[in-house]
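Labels run A, B, C and D following the written order; every chain starts at residue 1.
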Amino acid sequence: MRRLAETRRLSLSLAEPLSAEDQVVQPMDDASPTKWHLAHTTWFFETFVLKPHLPGYRALDERFAYCFNSYYEAAGPRQPRPKRGLLTRPSLEDVIGYRRHVDIALEALFEAGAPQRNRDVADLVELGINHEQQHQELILTDILALFAAEPLRPAYRSARGPATGGAAPELRWIDCPGGIRHVGHAGGSFAFDNEGPRHEALLREHRLASRLVTNGEWLEFIEDGGYAKPEHWLSDGWATVKTQGWSAPGYWEGEPGAWRQMTLGGLQPVDPAAPVTHVSYFEADAFARWAGKRLPTEFEWEAAAAGLPVRGNMLGSGALQPLPAPARLASGMPAQMFGDVWEWTQSAYAPYPGFRAGPGALGEYNGKFMCGQYVLRGASCVTPEGHSRATYRNFFYPHQRWQFTGVRLADDR
Amino acid sequence: MRRLAETRRLSLSLAEPLSAEDQVVQPMDDASPTKWHLAHTTWFFETFVLKPHLPGYRALDERFAYCFNSYYEAAGPRQPRPKRGLLTRPSLEDVIGYRRHVDIALEALFEAGAPQRNRDVADLVELGINHEQQHQELILTDILALFAAEPLRPAYRSARGPATGGAAPELRWIDCPGGIRHVGHAGGSFAFDNEGPRHEALLREHRLASRLVTNGEWLEFIEDGGYAKPEHWLSDGWATVKTQGWSAPGYWEGEPGAWRQMTLGGLQPVDPAAPVTHVSYFEADAFARWAGKRLPTEFEWEAAAAGLPVRGNMLGSGALQPLPAPARLASGMPAQMFGDVWEWTQSAYAPYPGFRAGPGALGEYNGKFMCGQYVLRGASCVTPEGHSRATYRNFFYPHQRWQFTGVRLADDR
Amino acid sequence: MRRLAETRRLSLSLAEPLSAEDQVVQPMDDASPTKWHLAHTTWFFETFVLKPHLPGYRALDERFAYCFNSYYEAAGPRQPRPKRGLLTRPSLEDVIGYRRHVDIALEALFEAGAPQRNRDVADLVELGINHEQQHQELILTDILALFAAEPLRPAYRSARGPATGGAAPELRWIDCPGGIRHVGHAGGSFAFDNEGPRHEALLREHRLASRLVTNGEWLEFIEDGGYAKPEHWLSDGWATVKTQGWSAPGYWEGEPGAWRQMTLGGLQPVDPAAPVTHVSYFEADAFARWAGKRLPTEFEWEAAAAGLPVRGNMLGSGALQPLPAPARLASGMPAQMFGDVWEWTQSAYAPYPGFRAGPGALGEYNGKFMCGQYVLRGASCVTPEGHSRATYRNFFYPHQRWQFTGVRLADDR
Amino acid sequence: MRRLAETRRLSLSLAEPLSAEDQVVQPMDDASPTKWHLAHTTWFFETFVLKPHLPGYRALDERFAYCFNSYYEAAGPRQPRPKRGLLTRPSLEDVIGYRRHVDIALEALFEAGAPQRNRDVADLVELGINHEQQHQELILTDILALFAAEPLRPAYRSARGPATGGAAPELRWIDCPGGIRHVGHAGGSFAFDNEGPRHEALLREHRLASRLVTNGEWLEFIEDGGYAKPEHWLSDGWATVKTQGWSAPGYWEGEPGAWRQMTLGGLQPVDPAAPVTHVSYFEADAFARWAGKRLPTEFEWEAAAAGLPVRGNMLGSGALQPLPAPARLASGMPAQMFGDVWEWTQSAYAPYPGFRAGPGALGEYNGKFMCGQYVLRGASCVTPEGHSRATYRNFFYPHQRWQFTGVRLADDR
């Protein structure tokens, strides 16, 4: 119950620097308003935990189901995704009241001992916590999308101290063996359904970069005409470059020699030592090809991460942006595996062998999105602590880049 | 100065029932957020009155020009119209501060005697007042567009008492003579540039309906298959019906026999005696053809209105929706000429003979829109008192219907 | 009957320089394949003349009605306009057979004396002839649209001799009186329904240019930044310039100093003395504003044309492109009123007072398009002789420019 | 040389039943005109074989490179794909002349002994042959797309005899072992670059259906509301169903109980015993989920096909549509592995481990499309004999269904 309460509190505290106006507007179809995130995570507990498992629970307002269902077809009709920003009502205050109403009911659920007695209920609460953590990350990425689209380029938090100006440590290549490995979540603790079943995968000998690709390296790509030469790009990627007019990562402004990037701390000079972020799969793939390397597979990444502690520059650090790798990298150990940026892999997002989506609305959580997207591994600078793990599978479409996404190179041996 | 101050105050009071959230969101490309209206009208005074005519005036924030310029190419680049709803910053509070900053400067301008001494300045202030009145109407029509798009269908004001259920008075035909008439504004008081030059127009004998078309009459059109028979429609109108899936006026919900309409007082049953509103030109034209009649020309309307007092159900009445015509219509006098709804005419919006747009940004006020739109005459239930007159030319595209637009029939004799 | 037969023959002879491949392809939504024109004009006679008036007439293939109905809702469903180019079947040969089938039936109709006896039938035949003439013009404008879109830029006919290089005659201004004029067709011979009823119109004193605007004058507009300065343009026009990337008239290629234009004779250098053509209403209006003049109204044009012989550079001349005005212009008489290019007027296309569309499908011929378009007067270099007249009203949308459209300036006095 | 000559001849003979009109029109962006296929395959030989390897070769017309380059960025600019149907010039006759010109040059190349002496040249010729075979299949699928879009629904060939009405043989499940398998092309004969490098893949025990899914089985899916229940569908698939209005496979017309399908033999009743075809990946996946099964991986398919002869209902059979499986299926052997329809696999199209695209334009042949598509295996009823093999990887986007695509089910054990 404490983790639940802390998670619920954290969402509100993330919204604190924001005005009610900031929280209602939707900057683009992919991103959602903060208020919507606050309400949707609440609806999730109400719909999947309270209604089925708290006898006598009464919804605060039955119409909220229409407003705050995201994509669960089995849970009824819903506000279309591109129109989430029209919901000036219920007001932010009412949504906070909605959160309180549900929080009180969740307390009652615990007092009645339901999660303690009933493993299914405990699992649903755990799912609700992890679901809310996902939306905590989205609150920050989506508010950045909004602030980057505003003429005044407001900052979510006051600027950090000036970058040290230090250089990134030299990139080293870590040799990784081939062979059959067990991948996927083994059970015994929480994981999303898409992380299982655990199964065997065949790896080939390969090498993995000791750290993430930096802005400095990306500038070389730009200066070498990376965004202007079709030979580096997938066909769909090249079409996207042309249509979108991309010539640099997302949120970069200005021009060669004077690039700035929009961050949660406002517009800042691009730090060459920091990991590049807000790059799409198309860009990650093109960069790797230009560099004569490739992206890792999701299982190469997982094998390398398997033994590592899940620590790094995540939400708890307060940086809210990727930071340069430590000057000294431990030999033979990849750095920055968790935190800073989600790392694109070359693996299309697909079900593991034997995967079947569960019945009912919750079966729609992950399974129905297994098409057209790519897996990202690790965690980002805005992922809540305790949320990710070595088997965690994040996924986005290859053109999307409003998340904190970045690149770790791999190579054949 | 008092009219100026009152006008400025009225804008704020129209926004009063709205939360900051309500005021920031843009429901569709055609409509703008309340906050934007409040700021844009302020920018108008700042740009066209204060900067050129108040020595030493300093803009509160030079970046606001980008945020709140609407369409004046000569006044510099601007936030794209469909993205006015992204402006969570400046905040509503800051916009109110901006209004205060400009109001104080306007006071200083008056204290310095500029408008009193300089006719040009007085004219610009007058233009600014009339401009702000236009946006007052838009504040209400645009907030209705927003609330109608929200799942909770909130009301801007508490519901009015129940409709009396009375029937509309019988429609009578008023005979109007032909011949050469002077039309357009004669000068001597404020008018927009598009109302002049005054010139001669040749009218033919015709007849004009004594009152507006009612919801009850529109229901007959619907029940006769009006929205399903291409023979009533202009080709572009029929295409719009198909594309938009129209089967009733804007904001009508429900189904035959149980129509309700979204109003500033929330969802209400459709009152058969009240004037139909939220109909496009395409619908007005189709209805007239179905009825065996036609729409009036703008000069037929103007000739009929020429002697009438500019009185009716406008913003000051507080109804905020069209009301049934008085049970007894004065013989030979058209009722509802001002107020209730803007009346579509068959006249394409075009420059009057001899019209030349003025130089500079203000020359863009009206002239550059004289293409593809139709003239509407009169005033609506949300037009501020004192804003309209017999020569007033409102204009919209033939597919638009989020304004309070309605129909008065005409006929040949 | 002879005129009918000649008209029918002319269509085929216009198609003669074209291969079957050339005749089946549709270059854009606005334009239609030659084969479709050949078949559609035939369907018109079949549907409106033969089926109702030739007892025992049997359609060659009932499915052709679906294929070749253009826009007559009352005549049943039809191939969508943008998909006219999919009709590889019926083959060109079959369409020629279809023409023969209908021609024979039309002969039979005449032999049976129907048109001679029955005025209605004669009128329908006359309408069919005039309809086919309209499509003869379209065959040429649409094939030019196709050839201009082909990488090889083929020519419809071999190139004319080199332009004389002569200069255009000096533009003079012809004074025209104001007052009430009768306009519209008086009856007594064929006219389209949109040319009536004849009625009075009030003109103001004005001046009319003695000849058309030339390419040379248009080059000045371009060189003065005409396409880059929003102040010359209507708002919708400026948006179109931006969206379409216009920087010169339609079919112009190359660059300042070396403009060439695609013509029915292939790519040619732009002749400064020839009338500018393939300009939209938006461009015509912007040019006039830039020149400190305006476009004429349709009735100013009609009044000036009223007494003139309908002669000029039309289809019969064989030039198939606009030609420079004669070096000596008759004093006080406007030149190039018929032929060369259709002349944009400032008049929105609207019904004349008292106009009512006829019943049935033929009532759709003109009336339902009276919205959003502008009237053009005169005739073009590909209008068949005998087709146009002083009261003739052509009409297009303000962004369209694949027709031979041009500009004659007017001015107030 | 003989295979080359035969391949070149076959293309022409496939075009033989078609008129010049049929061959010039493009039915949709995905499909190309027959004439374009005939010319593009010729350009391929010219560009990649003749120009670099036949000294003194002169292109027939240098402008054809622009016209007939498909997507090779390194080979210069090209006619945009959606506008391939505008090319009425060069004429079909000229394209046949172009083919002859290139064929003669290819003969000269052989006579000069280049392919015999130079392995690279021989490989390029082989690639050109295989490339042309791919376009032979496309000629037929694209002409079907055209004819299905024509109101007259013409047939490419006269109808086959009536379906026997026999039932499909009972579906059996073939047990397949797990373990490490070698997959990909081993070299030694022609294969496309995307079929290698040969590498190890880890399979799990599974079962494979003995035959393809039939129309009869698909009808059960339809009748069970398969197209109306979101729970069967991937999220993107469901969106496509809604947007496209799908309620049956491609080219099905009519309604429940009386389905007909458009084929190369014209409109035919749907044969319940024949394999379903023209289904997208989305549909294949939804069907499998509805059936409680899954699609095979590409390596499961390849392992099952590894030992089989590449025989079946392919282009040579002349059926030009999928046929029912033989009444008796060999025990333990999957039927219909080659021919009838390409079989969707659940494998996203991705590079094999170690794959690197070659340098230059030919490196663009396959590699740049490895994103967002799914692999199909086998061959279809219009694949030329000798073209496919067990390692062959075809690929399409999950929404595409104009190819002869179908479904074989798999299951876990």
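Keep in mind that, in the parts below, a residue touches a chain if its C-beta (ideal position, glycine included) is under 8 Å from a C-beta of that chain, and two chains touch if they have at least 3 such contacts.
No experiment lies behind these values; they were computed from the predicted model shown.
Undergrad: So if I look at the partners of chain A and the partners of chain D, which chains show up in both lists?
TA: The common neighbours do not exist; no chain touches both.
Undergrad: Where the centres are mean C-alpha positions, what is the separation of chain C from chain D, in Å?
TA: Each chain reduced to its C-alpha mean, chain C and chain D end up 46 Å apart.
Undergrad: Let me have the rounded angstrom distance from the C-alpha centre of chain B over to the C-alpha centre of chain C, please.
TA: 38
Undergrad: On a C-alpha centroid basis, what's the spacing between chain A and chain C, in Å?
TA: One centre to the other, that is 59 Å.
Undergrad: Mark out which residues of chain B touch at least two other chains, giving numbers and ranges.
TA: none
Undergrad: In graph terms, nodes being chains and edges touches, is this line, ring, star, complete or other?
TA: Topology of touching chains reads as a ring, each chain with two neighbours.
Undergrad: Dump the list of chain pairs that touch, please.
TA: Between chains, contact exists in these pairs: A-B, A-D, B-C, C-D.
Undergrad: In their complex, what parts of chain A are in touch with chain B?
TA: 19-25, 27, 35, 63, 66-67, 79, 83, 85-92, 146, 149-152, 154
Undergrad: Provide the residue numbers of chain D that touch chain A in the complex, in ascending order.
TA: For this pair, the touching residues of chain D are 71, 73-74, 180, 199-202, 204, 230-231, 233-238, 282, 285, 346-348, 350-351, 353-354, 363-364, 368-372, 398, 412.
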